[in-house]
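So, here come the structures, one by one.
Look for chain A in each of the two complexes below; its partner is chain B in the first and chain C in the second.
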Partner chain A sequence: MFFFKELEKTIQLHPSYFGPLIRSHIHRELLTKEEGSSTGKFTIVCILDNFEISDGQVMAGSGSAEYTVHYKAIVWRPYKGEVVDGVVTSVMRSGFFVDCGSLQAFVGRNMIPGEIKFDANATPPQWTDNGDQIIEKNTNIRIKLMGLRSEVDKMYAIGTMKEDYLGPLQQ
Partner chain B sequence: MKIRSPPGLHYPITVVDLAQKRDDEVQRSSPLFNYYYETIVTEGDKYGDVKDVKKRFPARFDSSADGVITKWFIKKGTVIQHPGVDIIEIEEPCTHEIQFGSLCANCGKDMTEVDYLTEERNVDRATINMTHDNVALLVSQKEAVRAEEDAKRRLLGAKKLSLIVDLDQTVIHTTCERTIAEWQADPHNPNFEAVKDVRSFQLADDNVAHVAANWYYVKMRPGLKEFFDEVSSMYEMHIYTMATRAYAQEVAKIIDPDRKYFGDRILSRDENYTDKLKSLHRLFPTNTDMVVIIDDRADIWHYSDNLIRVPVFNFFPGAGDINASFLPKQQELVTSTSKSVLPEPVFTKAGLGDEGETARPLSVATKPTEPAPLDISNGALTELQQDLLQMGGGDNPEILEQQVKEQERVIITQQTERPLLQKQLLLDQEDDAAEDEEENSEAAENGETQTTEHHRHRHSLLHDDDRGLEVIEENLRRVHRAFYDEYQKKRVGPQGGRIAELRGEKSPKKRVLEDFVPDVKILMPRIKQQVLGGCTVVFSGIIPLGMDVQASDFALWVKSFGADVSLNVNRQTTHVIANPDRKTTKVKKAARYSHIKIVNAEWMFQCCTRWVHVDESPYLIEIDPAERGGSPFEDLEDDDIGATGDEDGDEPQLSPLDMSNMSDEKWQSLGDEIDDFLNESDDTEDNSNSDSESVRSDSSAQTESKRPKRKRKRGTASIDGSETEDSDASANSTSKLQRRKKRTLERVTSLTNVVSADKSSGLPSPETTGPEEEQGDDDGKYADPAGDAADAAGDESDYDDGLEAEMLAEFERSASEEEA
Partner chain C sequence: MEEEMRDAPRAPPSAPPVFRAPKQVSRPKPAVQQEEELGAEPKLGDFEDVHALSVSEARAVITAVHAKRKKEPSSNPLGGERVHNDSQIITQFLDYVETFSRYKQRENVQALSGLLDSHNELTFVEKAMLGSLACDTADEAKTLIPSLATKMDDDALQSLLDEMTKLQDRFG
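Let's look at the complex of A and B:
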């Protein structure tokens, strides 16, 4: 689910950037470092333009300046039970992996409907019901998140396809 | 799941009542039964008296698992005395066999949770990783076995085996040098032909080199596509490399654009957990019966029985393996030259003249003691690669850091110093110098490099003539055939069972798959053992001093082919693998034993890569009879040599090329004679031993030498002939050391000649025995006094009185001669 969230970030700037363009340097730093990053709870999708920069403070010893930036961002936080779309990245006998943006989810064998079987001899290997449902690498797919666990900068999810309207999306 | 009485309760405990019945569904942490325990507590009363009282406390036992109760092991009134007693069996709805990022893939529960009931963490139920491209997906032992059974059935059905393919220097060779791109763009460059199919790529997240836009140039081993086409029909292939995932994937795109050979079966350093080793169990955790590996290094596989070690593919000289800085230091520097995979001696030598020359000036400065010129890749070993090899393994982050830096440095050096370009320039200069010798250079080219232009001779640095894949393919075919032959044989077995069935016996149970699936780990060594079986090999001048010979890479390698490795030359020795540049004491000693073949390391490479006992003759090291003219036994020798060879007069001038000029029949006859001789070696062995013994031992021992003299007639002539024919090129060199070496060697060769001379004249001539014996004596003593003593003692047994008298007489005469 997407949220609108106020965040704060401390940015250190090398003295060579000190000058009239300091604001744009900080902005760029913020965008490159923060956008797309995952905190383990949510992913920062997009940083909005109006942000506040505190007064810089030169750090003893290094000469770098430290700025605290307050900004607003659109973040995405997955929840258990949420239905998400993703792209299949890897297919194997025990299931397949789906990339849902920053979240990597695994759909295990038991989470795949019984009529869809694994075909190891196909190239590339695929899960298929020998009809129109084919799950191979790069298939777009809709899954429901069954479990979530977050580590420091990573999230893991378990997905399922065993419900209505879940499965490969028709291109 | 079976729940047992946990540690940490007040045993003994007595069950009061069971809270749940059989087939009841229980939730985790719901009560299973009530119990009481007794313990002694200290109580105080209002008067301040303290006394110990035995008291009974009620307590509750909670379930540590969800599920349905299938069996109670206790009943009301049971006393549980100690931890570990079975209490209850609960069938769980999910056993968490597959876990992804510590989440159960089947129920989505978090496996890392730990509470007061946790005895064994759920994450420990699945600890095996058998996916190529992910480290977060783990499965349980049971699941792993199941998956492998599936895979096995599938492979057997398709008549395939699994093949693990290494990338760097096995199927491809990569360099970072920009020069390649320039050569590719220039059709007039001598290397154009060789590099025109080199593919290049950049890595997006290249944090290895901080130099912008680092290009990798990948040369596929010649014939790679055909190789994959052929092999993929027999094997299901996996990539297993020590490079990063991004690199592996880029390379896979190049070698397998349609993803039909490898699919997603790519395992890289990122998923390997360790930088030091490759492990079969990473991919095949429970069963490696049907797995074959091809890799150019055996040490990182711990010399696994599944490994087919392949000749190194070294296309860009000096580039080495850019991903090897994380690996443990390679033990040896000598690697097989790709060129000499072809057995023709002419060709090998020609290649040497060409390449060895050019590579030398570069490496001499950094590596004065390079072991062998026979080896191109070795000769071309630069300081850079040397450094690369120096880096050992270690687990601490500092070393890792250092290794990363080192790899960076290697890449940067390749980018900035461009060793290939330098080498080519050097080569061009030499070509210019040698232009007038057009004829010779033409011969040296030997039609192998297509770049000879007639208006201007420019040699190419790179040679696109590697044939390693053909050899590998042949080996893979053999293994595959052997495996499925045996499989068929075993599978047909049950038909005997059918007869039994017809006889009215109970039909045999369907046999388990394991029963008739052969094991590559047994099969392959069996094939390999035959190659050098019965050979006893001594290394000389090959393995660096101070290294445990038996544990060295080469020794392990030849041992895996059935050969024995011994430290010293002795009766059992059949081959001495020596450095042709250095005449070590072992070589000298072996030279006296005519049945011992003294070969260069190339012979070993050939045997071990082609899996055949190749004919030694092209690889024999010439035992140098240089300066023979000064020897007093010239005449006698000549007589002797006349039987087989005829190059008595101009022997010292012989170049190594002359050996190859010998006609095929000559080789043939030589080989036959050697064979004959070897067949009789059982009895001749002693003789030749005592033979040489006699001349270097004191006068008493000397007398024994008559018996051998008689017998030797059989084979020595030919051996001597071959040895003299193979006279060494080093005769031309002039260094003092060299001359001294020659002199020592001369002793050796003339030694054998002396004996044959005796034979030819029927009587030992006085001139010969005298000086010979003394020289030999010195020789033998510093070579191996202990061995001599033992030999002498052994020979004492066949003491011959008449002989002794005769020999003594001879000795006295010769001694007086010498004094005079």
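Let's look at the complex of A and C:
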């Protein structure tokens, strides 16, 4: 789910940037370094343009200055037990992968309702109940996150479809 | 000399000295990590009172920020036409919000948040989930968002969902 969160970041600036355009330099540093980064718990999707900069402090020994920037951002944070929509990216006999933004979730064979079977002969391969539920690449699907694992800069999840009201979204 | 000694307050009978073990010197233990999950009782950890956004609201804000960066190239530190730093993650999220936002018209997003705000009993998270998932029936909403089950009765929830459906752009 998306959140509107206040965050803080310490930025170090080389002395060559000191001057009238210092705010713009800090802003650029903030946008290039922070937008799209993931802390392991959440991903920063978009930084709002108004932000506050503390007074800079020159660091002993290097001459660089350190600024603390206070900003607001839209962050995305998945939770265990959350119901999310996603797009199917690959389909295999053992299950399928769903992309929810930057989160990659895997729905294993045991997490798919029994009546939905794998059909390797279809092109592209699909999971289907031979009715209106067809799961193939690029299907929009609703799943529930069962577990989350975060690595540096990337999150992975295990999802399930074996509950009421989950499954492919009707187009 | 003796006189003075008598006037002085008697020292209380000293208690037998208590020996305490020296203060333990060790690394502080990390705070107990509570399981953070969305269930019947959402536990959000440090996001407890942070404003949650539905996919449609997030899309509205992101589009507005990017449009402003494009419109005012002089105040855009990335320079020129660039609205974000071209990282793959941002592109993925832009695609994601574009695909899954049910309410794309600005007026509809505003009307939706007004409608949800009139229900004081709902938390930020429940409002955001209702706005993102766009359920059809009260039963569906209560299954997907378990914490709703005790907050609203089916009729009130159903009428809220019907109102929300009216604001929705046709999906797909």
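Points worth noting:
As a convention for this text, the second predicted complex is superposed on the first by the 135 of 171 C-alpha atoms of A that agree within 3 Å, B and C clash if a C-alpha of one lies under 4 Å from a C-alpha of the other, contacts with A are read in each partner's own complex, and residues count from 1 in each chain.
Quick note on the criterion: contacts are C-beta pairs under 8 Å (C-beta built on N, C-alpha and C of every residue); 3 or more make two chains touch, one makes a residue touch a chain.
A quick note: this is a predicted structure, and the numbers were derived from the prediction, not measured.
Set against each other, chain B and chain C differ in how many residues of chain A they touch, and the higher count belongs to C.
Applying the stated contact rule after C-alpha superposition, one finds that A:Lys80 touches each of chain B and chain C. Legend: residue contacts after superposition of the two complexes on their common chain; A:His27 is shown touching chain C, with no touch to chain B.
Of the two partner chains, chain C is the only one touched by A:Asp164; chain B is not. Within the superposed three-chain model, A:Val69 lies out of touch with both chain B and chain C [touch as defined at top]. Looking at the shared chain after the overlay, A:Gly36 reaches chain C, while chain B stays out of its contact range.
When the two complexes are superposed on chain A, the residues of chain A that touch both chain B and chain C are 80. Within the complex formed with chain A, the chain C residues making contact are 35-39, 42, 44, 47, 50-55, 57-58, 61-62, 65-66, 68-69, 75, 77-78, 84-85, 87-90, 92-93, 96, 99-100, 125, 128-129, 132-133, 135, 140, 143-145, 171-172. Chain B meets chain A in the complex at residues 98, 100-110, 112, 131, 133-134, 136-137, 139, 143, 147, 150-151, 154, 158, 258-260, 263-264.
Interface of chain A with chain B (complex): residues 80, 90-95, 97, 104, 106-111, 120-121, 123-125, 137, 145-149, 151, 154, 156-158, 160. Against chain C, the residues of chain A that register as touching in their complex are 1-5, 24-25, 27-28, 31-32, 35-38, 43, 45-49, 74, 76-77, 79-83, 85-87, 99-102, 140, 142, 163-165, 169-171.
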